[in-house]
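Presented sequentially are two complexes of chain A, the first with chain B as partner and the second with chain C.
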Partner chain A sequence: MMGLTPQETKSLGLGALLIALAALLPLFDDGFYLSISVNIVLYAALCTSWALFSGPTHYVSLATAAFYGLGTYSVGLGIELLPYPLLLLIAAAIGAVMAGLVGAATLRISGVYFVIFTFGLAELVRQLVTWTQTKFSTAMGLYVFTEMTESHIYWMLLALTGAVFLTSFLIARSRLGFAMTVIGNDETVARHVGIDTARSKIILFMISGAFIAIAGAITAPRYIYIEPPSAFNPMISFLVVIMALLGGTKRLWGPLVGVIPFTIVMDFISSNFPNHTMIVVGLAFLAIVYLIPHGVTGLLENAQARWTKRSAPAAVAEEKPA
Partner chain B sequence: MLRRTFIALAASAAAIVAAAPAFAQDVIRLGASAPKSGPLAGGAAVTHWPNIQLWMKEVNDAGGLKVGDKQMKLELVEYDDKTNGEEAIKNIQRLATVDKVDFLVTPYSTGLNIATAPIIARYGYPHITTSAATDGVAEFAKRWPNSFWMLGTSSQLANGVVQALTKLKDGGSIGNKVALVNVADAFGLELVGAAKPALAAAGFEIVYESSYPLGTQDLAPVISGAKAASPDAFVAFSYPGDTFALTEQAQVQGLDVGAFYTGVGTAFPAFAGRFKEGANGILGIGGVNSEDDKVKAYLAKHQEVTGATPDFWASATTYAGLQVLGQAIEKAGTLDKAAVVEAIRTGTFDTIIGQISMPENVNRNVWTVGQWDNGIFKAVAADGLPVAGEPVKKPAWQ
Partner chain C sequence: MTAALSIRAARKAFGGLVAVNDVSFEVKQGELLGLIGPNGSGKTTMLNLISGALPPTAGEILLDGKRISGLPAHAIARQGVSRTFQLVRVLPSLDAEENVMSGAVFGRVRLWGEDARRIARVLLDRVGLGDRAHMPVAAMTYIDQKRVELARALAADPRVLLLDEWLAGLNPSELQIGISLIDELHREGRTIVMVEHVMDAIRSLCDRCVVMSSGRMIAEGGVSETLSDPEVVRAYLGDDDA
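The block that comes next holds the complex of A and B.
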């Protein structure tokens, strides 16, 4: 299992260092910059969890809001009864079970059918939760009152993002990761070489769903008032896909380089054009698709390739005398 | 070529941003964050934003607010919260720490007000909510002493319905059979929870009861179920979409009852626009005292300045909330937030919805039920306020 190459050790060390640096942020600012960082880290966690499954399999899932809302509701319904850390685990379990059930039912279908089903799922779960709440719960509005501040939520989300990265890293090195690479390239071939494709996909979908549910559970104290339209907001599902694709899903850190510029650009637009946000966002999307069609990772890799090409002749020239 | 167009566009966008007005010293900077997009954008466009525009224009036309011995004009910094709690919190943070505004206009809706309340409390801004109606207000007021709640509680609104129905029953307009319907979310549940015991105590019999999930498109079964129980009164604690759909179905299926009540949205001018004469006699949540001179003047002014009719419930409260803020700043004679909060807590304010005082941070005097009467949604039940008239029996559908 272990036996890291020097390159991997370096990446892990760099990741840990970046997270440690990011964790210092609340010490410098606890106003607007912390607030926007909470949003960035939240979407970093969501997009990376999403890419964990959708990256290698190429199955575009729009079920993010369903898992996120389940996590939020686990905390909303349980905060008066159980300690908060336990609720995070329960949220993860519920997210995983839901993903398992959905996966068993749908991961044998593919392409656009899967996309449509997952989109409907968020709505289905929302209705089920509302129905359950009406029939069995005496709670009227759901309130989550805690002592948690934005800094606590930020740190928890940061820890979650770290955990998602570590999990992705470990999966990529495991048999499951290898199976996923084969499935992603050609599912028929994968089946022929004896990979249980359905099982592998379900396991990965469950891990991804559990992480998204935890993210929802962590953010619940920020909403305070839990209601279905905000917990199961379909915009969450779309934003996650858009940001992850902007970043690129081929690399583990791909979604991250999508989330950060996207959040900052969106924030710039909505603060400077409050009355024309949607128009400017539309123009920005056009610009993104036209100017960076392969995502930010594509852009970075191109730049790196160009840089290597430019410095390569120089290196050759240097080597000559020796 | 295309690339050059984008660069040109980007450059002009940057130029617009750079040209943002520099602000003078003697102004009060107000910050507002509310929906301009997302599910609640429609409601906010009717109830919230026009009142900010109207109030600021009135104050500035009159020379501004008198703070100590200075006349200070108002300036607005506004953001779209996209009907999203995360975005709303970020906007408040930006207004407080980047724009450093002097005061905040309340966010819009129960959920967004509660989500932003802890952040607003942290910066100590007075937080005068005018679009949040829930039974939690007393607790919120204690938790966030800078917050004030003006739109009343769910129990008040539900009891208002029972008062109006009782008057109709005692007057012989309707019998005692009620069909009770609600949208299955916190709002609907709170209201139905408060209405049921009150209806029983007033001698009503609930002959049909049903709830439907938020966002349900087809409400025909609800109406046909209610019709089969042949009630004398129909009460629905509904949201705008369902309010319109239920009324339409009742009209189509000919559910003729002496009292027809629907929830949020009934007070929108678009409701009368949609049902024309058919709206006459329909009861709904809210209402204003349209006989009052101040309310009359407000309705006319709103139409004149914003070019639109206000809604007949939270619009007036939203305007009144801004009046409270303005008068409290003048009373305190300073832009110090804590002093203004104290002024709101201890003062009495002359607003378009009457004299307001909030010793426990909650305004108890609210109109609870309105009734459409030729384009005006008149208050027919209230707590602590005069009404525009008594409820009348609804005529048959036309």
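The block that comes next holds the complex of A and C.
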């Protein structure tokens, strides 16, 4: 909240170092490992953006595909007309506006409705885009021809992931972050100390939506040919939820712990058992929710708590680090 | 001088049940008003109308002459109404200091960073928790949690402080501490409305009291006259004893 503590400086430095190391990857491989790393970084960006909102609010959003698809389409529609960096900004703006509208309409109601609404939204946008395309254009999809290589996409996604982390870190130290902590603890108290709970949630959802749309925009050149079923694929929404839950959403880096193993396993399954991918996803979802509801980071924290308790039972009531 | 708080014909109906039935009263600047009545008489609902936890069905509520009824709870809090809850509500994942800071950061004063922390420290000292600022509130005793809640309400420097049975559930020695704490706040000139069942506290603390029964206001005035009013006695004890 104030100056950086030594711990925070260390985390920031470590994060920067890891990103710098990861950025070296395309120098060593531009085939399979780069390709799977693009997937990993893509889902790292998506899951962290998702957790940015869903972690503190506990609202499960299934609108990831909607924001992602809008980002992809912003590039698909504009690539011949506008410079690419501008398209990324436009994608962010569209994602934020969309999230703002959805948030204003649904965040005042309870969580279950929000889940259904966001899922419906992704489908609705997909149908609208399909309808518009068949109505006003002859082709079903859009071509995206750029000079961009897999390495460029990888670097941009890596930079985006870094930006999401930095944003989460800054939010956590801001009034908004403190408001979200209070809301997560007790929404009634939050309102009565003067927090506009709906507004805080909407702002957070907008930030999250903007980042997801940028991720879609960055990935667009990778598809070369964009059509609604791939850009607005509901699988994206589900995978993001599963991976984030597997990692745990309490910590900033929690989703990462889920993303890396899951992407690798998914890649293995979809290449070896292409017809059974959905079954595996479904089973994984059940297993995670039942067996590790707080994710891997939750497990680690419990283990750590048990360890500290055993080694120093007297120190439980000690001052916790500020 | 306008009253700190004016309730004008406030009404709250839940379907056919009228929990607060056209109640009107005023709270003067610096006054400590007791809001009493048997269980289910509508006292807590009345506080909920003032703090904005519930919107009134009809009537209006003014803070320093400005209408606050109909505003959402967070807007009313920013205007300067702070409260504690009948069943204590602390923020369990935070320590005592952060709990209190939440009042200073988002309430009327809107402090941030070191300023908020400083206020929180002063108030924790004030309620007797100076040495437990970094204790997780979930590990605290009931009275200490109540103290945290009071400090959090005070952190916004409220124009009106609402205490919902803040003294309930305390043992006799804690009660003495609690009463003298509220007395001190009153002496400093804070405007307070307290819903309370502890009659000793009402007698020794309040300037005035308002008595509710079945949603209606049945008496208002100085504490001793009001408590000996036959209708008030009947409300509490039933017809036979009146």
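Here, the second predicted complex is superposed on the first by the 262 of 322 C-alpha atoms of A that agree within 3 Å, B and C clash if a C-alpha of one lies under 4 Å from a C-alpha of the other, contacts with A are read in each partner's own complex, and residues count from 1 in each chain.
One rule holds for everything that comes next: a residue touches a chain if its C-beta (ideal position, glycine included) is under 8 Å from a C-beta of that chain, and two chains touch if they have at least 3 such contacts.
All values reported here derive from a predicted model rather than from experimental measurement.
Number of chain A residues touched is higher for B, counting chain B against chain C. Of the two partner chains placed around the shared chain by superposition, chain B is the only one that A:Y290 touches, whereas chain C remains out of contact. Of the two partner chains, neither chain B nor chain C is touched by A:S151. Judged by the touch definition given at the top, the superposed model places A:P274 against chain B, while chain C stays out of reach.
In the superposed model, A:T167 makes contact with neither chain B nor chain C.
Residue contacts after overlaying the shared chain place A:S230 against chain B, while chain C stays out of touching range.
Judged by the touch definition given at the top, the superposed model places A:H192 against chain C, while chain B stays out of reach. By the touch criterion defined above, A:S11 reaches neither chain B nor chain C. In the superposition on chain A, A:N39 makes contact with chain B only, while chain C stays out of contact range. Once both structures are placed on chain A, no chain A residue is touched by chain B and, in the other complex, by chain C.
Against chain A, the residues of chain C that register as touching in their complex are 51-53, 72-75, 77-78, 82-83, 85, 89-95, 101-103, 105-108, 110, 112-114, 134-136, 139, 152, 156.
Note for the complex: chain B touches chain A at residues 2-3, 6, 9-10, 13, 16-17, 20, 36-39, 78-80, 82-87, 89-90, 93-94, 96-98, 110-111, 114-115, 117-118, 134-136, 143, 184-186, 189-190, 193, 211, 213-214. Of all residues in chain A, only 29, 31-32, 34-36, 38-39, 42, 127, 130-131, 133-134, 140-143, 145, 150, 219, 222-225, 227-230, 233, 235, 267, 270-272, 274-275, 277-278, 280, 283, 287, 290-291 touch chain B in the complex they form. Considering their complex, residues 1-2, 175, 178-179, 181-182, 184-186, 188-197, 317, 319-320, 322 of chain A touch chain C.
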